Amino acid sequence: MPLISTGISGFDESVGGLPDRSVILLLGGTGTGTDLFAQQFLFNSAKKGSRIIYITIEKPPNDVREELASLGMNIAPLESLKPPRWLFIDAFTPRRAQRQASVSLLTTLTDELTQKIENSYTVIDSISYLLLRYDIVDVMDGIELLLHLSRDKGGIHFLIMNPYMHDRKTVHTILHIVDGALEFQAEERGQTYLRSLSLRKMKKASHKMRIVAFRLTEKGIVFESETRVA
Amino acid sequence: MPLISTGISGFDESVGGLPDRSVILLLGGTGTGTDLFAQQFLFNSAKKGSRIIYITIEKPPNDVREELASLGMNIAPLESLKPPRWLFIDAFTPRRAQRQASVSLLTTLTDELTQKIENSYTVIDSISYLLLRYDIVDVMDGIELLLHLSRDKGGIHFLIMNPYMHDRKTVHTILHIVDGALEFQAEERGQTYLRSLSLRKMKKASHKMRIVAFRLTEKGIVFESETRVA
Amino acid sequence: MPLISTGISGFDESVGGLPDRSVILLLGGTGTGTDLFAQQFLFNSAKKGSRIIYITIEKPPNDVREELASLGMNIAPLESLKPPRWLFIDAFTPRRAQRQASVSLLTTLTDELTQKIENSYTVIDSISYLLLRYDIVDVMDGIELLLHLSRDKGGIHFLIMNPYMHDRKTVHTILHIVDGALEFQAEERGQTYLRSLSLRKMKKASHKMRIVAFRLTEKGIVFESETRVA
Amino acid sequence: MPLISTGISGFDESVGGLPDRSVILLLGGTGTGTDLFAQQFLFNSAKKGSRIIYITIEKPPNDVREELASLGMNIAPLESLKPPRWLFIDAFTPRRAQRQASVSLLTTLTDELTQKIENSYTVIDSISYLLLRYDIVDVMDGIELLLHLSRDKGGIHFLIMNPYMHDRKTVHTILHIVDGALEFQAEERGQTYLRSLSLRKMKKASHKMRIVAFRLTEKGIVFESETRVA
Amino acid sequence: MPLISTGISGFDESVGGLPDRSVILLLGGTGTGTDLFAQQFLFNSAKKGSRIIYITIEKPPNDVREELASLGMNIAPLESLKPPRWLFIDAFTPRRAQRQASVSLLTTLTDELTQKIENSYTVIDSISYLLLRYDIVDVMDGIELLLHLSRDKGGIHFLIMNPYMHDRKTVHTILHIVDGALEFQAEERGQTYLRSLSLRKMKKASHKMRIVAFRLTEKGIVFESETRVA
Amino acid sequence: MPLISTGISGFDESVGGLPDRSVILLLGGTGTGTDLFAQQFLFNSAKKGSRIIYITIEKPPNDVREELASLGMNIAPLESLKPPRWLFIDAFTPRRAQRQASVSLLTTLTDELTQKIENSYTVIDSISYLLLRYDIVDVMDGIELLLHLSRDKGGIHFLIMNPYMHDRKTVHTILHIVDGALEFQAEERGQTYLRSLSLRKMKKASHKMRIVAFRLTEKGIVFESETRVA
């Protein structure tokens, strides 16, 4: 059962990649790198030919484009291919006109995903926003649909979640139903932060769970396979 | 009063097996090995001739088949016997069509168990899902029925529960009514996890309660009877 | 004012027995020995001629018979005397037919106790179940009735309670209204548990409050008067 | 402004007595000695000629008589004087017939106190029971009435309260409105308890706040003025 | 921008006084000296010619007179001047007839203050009582009115608050809207209390925030500018 | 992508400025310097020619003028320019007449901002007040509008928030949706406070997150680039 390479420096060497046909939770507080990890993985995968669906709920696609560009990742050529190799679903900008979240956002998203997910890698940035606006049982039903789709259509599907925006039980409930989970942490250490990633859960690979240190650089996340976490 | 051997490496030597005619809670967070323990025990028991009923609520039977296969346990021959030695009750897939949990899931499950449990070993994976969707008093009534059935029909019956998805009182209430409870824990230790199992409760064997260390390997759970827990 | 001997090895030497005409709370988590303490005390008292009423709410009488037998206590001869020296009130089995707790369970129990309690030692196993299903104020009214009965009819009356199933205020409220309270604790220590009992409260004997260590053996609870609690 | 002697061994030497015309809170968990302190003070005051009103809410007057007797305090001669020097208001026994707390208990108590409090020392054992059955704002109104009465009629008036039966805000609210407060604590220390009393608040004597150690003996509370609290 | 001297021994030397035209929160638990601080400041200010308005909500004015007298502060001459230099607004005694807090207390208080506050120093003893009986948003509106009045009419206006009677958010909300805040703390240290005052907030003087130790003596609060905290 | 200089001593050297077209959260408890930071930045920017909009919700504009003046910042010349370089939106004073917050405050603010924000730097002092009076989902919609405006019209827009006035989830939710966040902390250290600022989040500059110490002086905030924290 081969794992899919992330192309992120040092990660594949430490962890061995991520399993196909799975829903992976990226769990971490503000500024810990959850979104960066997803963006780097997706950009590397797109360059190798995969189709990307990026669902952005809390900021406009252009903010994501700028974040990517600031780390040297230019997605314009990928977006302009026919059909596009990189596709944004913009769930942010439409709210401006309405001045509130559409009651049908969750339904719309699950419908769009169902239609377009074939052969794609996706990210929902963020599941936290959905948990804030919808009942957890409805969000869980949406994730269950994604689990079904991943089994039928393949691909790796990221959910970005900020654990501090939710109570402990909500975090563990989402953690419980996904196929894998990576937790990003930043601990104050003198004038800077010590960063680490924990493999909290991995489908068919529980025995591989471990903790690895990483740095945020101007090129993005770099894992330090030789560095020990205190 | 003989205990039933689990066939799990090192467990029977440390703990002496599990008592027949009992409902056993497997308590542990994501990735701690609760499901692995049940799967290994059930596979070993099936090979020795026991009938298995595997109630899967949060993933399709095929995911369980793949997890078992990835650890070298092939259940296809057991499933194809007439009558089957290994039987899945799939409480996950039917939800796809409905896009929500059937209000009658709990009733359906207790009815099915009542009919089929004769001479069987069973697992409910997971009781946490049921606690999320139903009132605790209704879930307790379901567990009480299982306690009654275990006295009448024999067998060992596992409930898998993630304690972090519930409040403290709910966990202790379930712990209070079952016949036995094993708690699986994983503690960060450097770049990896130190794993241990505590016998929290055991019918007619309170004096045997102890804590044992184990490892997750690519062959599943291996208890290290010679290893000390710090 | 003589105290009543428990017949439990080492307890009377350390603590001096329990006062007649009192309601005693046995407080402890799963597997800490609260039920064992009550069972040993009641069996010893029955052998010396006292009448026992054992109210079992969460398991059938037969489970209790087996637990007692596994520790070498055979109650069959006591049950077969006319009138019986050991009487079960089974509040568990009737629920099977109904699939839910009778709304009148609490009333039934207090009525039965009122009729039968003359000259008896009793145990309610457990008060936690009642607190889960009924309002605390109704359970308190039931305990107040038992306090009245203990003054009129004599005897020692145990309430078994798992503190982790309730909030802190509920535990302290029950603790506040009973005549005495013993708290059983088990603390992880290496691969096993260090057990201790605290006299939290004792009618007319506040100055005797202390903490004693004990072991769970295959003969039941054994107090170690010579052992220090760390 | 003279303080009134308590007659409790070592207390007056350490603390100097309690101020007349005041409402004093005795705060402490189960078995810490709050009721003993009140009983010793009242018995000593009665012997010196004061009238006592003992409001018992959670146990019958006879239980209090026995507790006093077990510590060598015989109140029978005081009860039989005309008019009685020691008067029980029994708010416990009447509940037996009713099987529930009278809705008018609080009103009845405040009416009785208003009529009988002239020249009396009183105790309400306990205010915790009232807080459990009535709204805090109603209990506060009752305490305010007692504050008014203490100014008009003199005397020292104790409220016994178990802080663990209430939330932090309720405890601090009662503490906030009384004239003085003594907190009784028991800390596990090896096989026994280290006991101490803190003067949390004292009308016109804030600068005297301190902490003193005491022991519970078979003669009741004994303060050890020479003993240091850790 | 001159600060106003408090006349409290050692305070002005350490802190430099309090700013005119401000609302100052005095925050502290039972027995920590919040009321003493206000009383000493107001008495010193009255002697220098300021008008005082003392709003007493939880005890009768006479209790305050006695507290002041016990510390050697005699306000009778100040009360008897025409117009009075020291004026009590008694919000306690009227409640006796009513047996409950007037629904219009808050409105009455804000109306009275609006009429009489010209050139006055005031204290509301305590804001905690108001927060217990009224919605926080209504109390905040009352404090906002006081902020407006302080800007128009001058003076220093104290709010006494017991933080333990409220939840953390309520405390920080009041702290957030006032002009300055002094927090009084008492920490157990052997048989006595170590007392300290923190300048949590001060209008136009954030850079002066510090912590100072003090003692409660029979003359009231004495700051020990030479004493180190911890 | 150039960062905008704050003109605050030592800050630009340590951190490099703040990104244009962004919404920045200033997070800190009472007296930690959040408002000072905004005021210094805005005053420095106004002197260099930027337009300032200062939305004051909890105090009148004159209080802010006095605070600025006490630190040597005179905004009168900026206010008197045509059109004004420094504009107050006073959301405090109008409440005096109404004695309560207008139900339409939030709508009014967002409307005013939409009209006037072109080429401006703004501050909302404070977002905490809005969170207290309005539903979090409505406040989030307001912040989303500000995010849209910042993208269209440019400028840096501060939100001041006191984390202790809200629950943990509310704080992290606001933190989650803004572009950048600076957290101000003050820790008791002997008789004074040790102050530090953490860059919790920064748009397109996650790798620059760090912690720096600062002092509050009579000239305002001064960063100590040479000082180590902890």
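A, B, C, D, E and F label the chains in the order they appear, each numbered from 1.
Definition applied: a residue touches a chain if its C-beta (ideal position, glycine included) is under 8 Å from a C-beta of that chain, and two chains touch if they have at least 3 such contacts.
The shown structure was predicted, so the numbers you read here are calculated from the model rather than taken from an experiment.
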item: Third chains touching both chain F and chain E; value: none
item: Maximum centroid distance from chain A, chain identifier (CA atoms); value: D
item: Interface residue overlap between copies chain C and chain D, same or different (over half shared); value: different
item: Most distant chain from chain B, judged by the mean position of its C-alpha atoms; value: E
item: Distance between the centres, which are taken as Cα means, of chain C and chain A, whole angstrom; value: 53
item: Rounded Å distance, chain B centre to chain E centre (Cα mean); value: 62
item: Interchain centroid distance [CA atoms averaged], chain D/chain E, Å; value: 31
item: Sequence positions of chain C contacting 2 or more other chains; value: none
item: Pairwise touch network: line, ring, star, complete, or other; value: ring
item: Parts of chain E lying in touch with chain D, wherever the complex brings them together; value: 29-31, 33, 36, 58-60, 62-63, 66-67, 70, 92, 95-96, 99-101, 126, 128, 132-133, 162, 164-167, 186, 188, 190-193, 215-218
item: For the chain E and chain F complex, residues of the former touching the latter; value: 1, 137, 141, 144-145, 147-148, 151, 168-169, 171-173, 175-177, 181, 198, 200-207, 209-212, 228-230
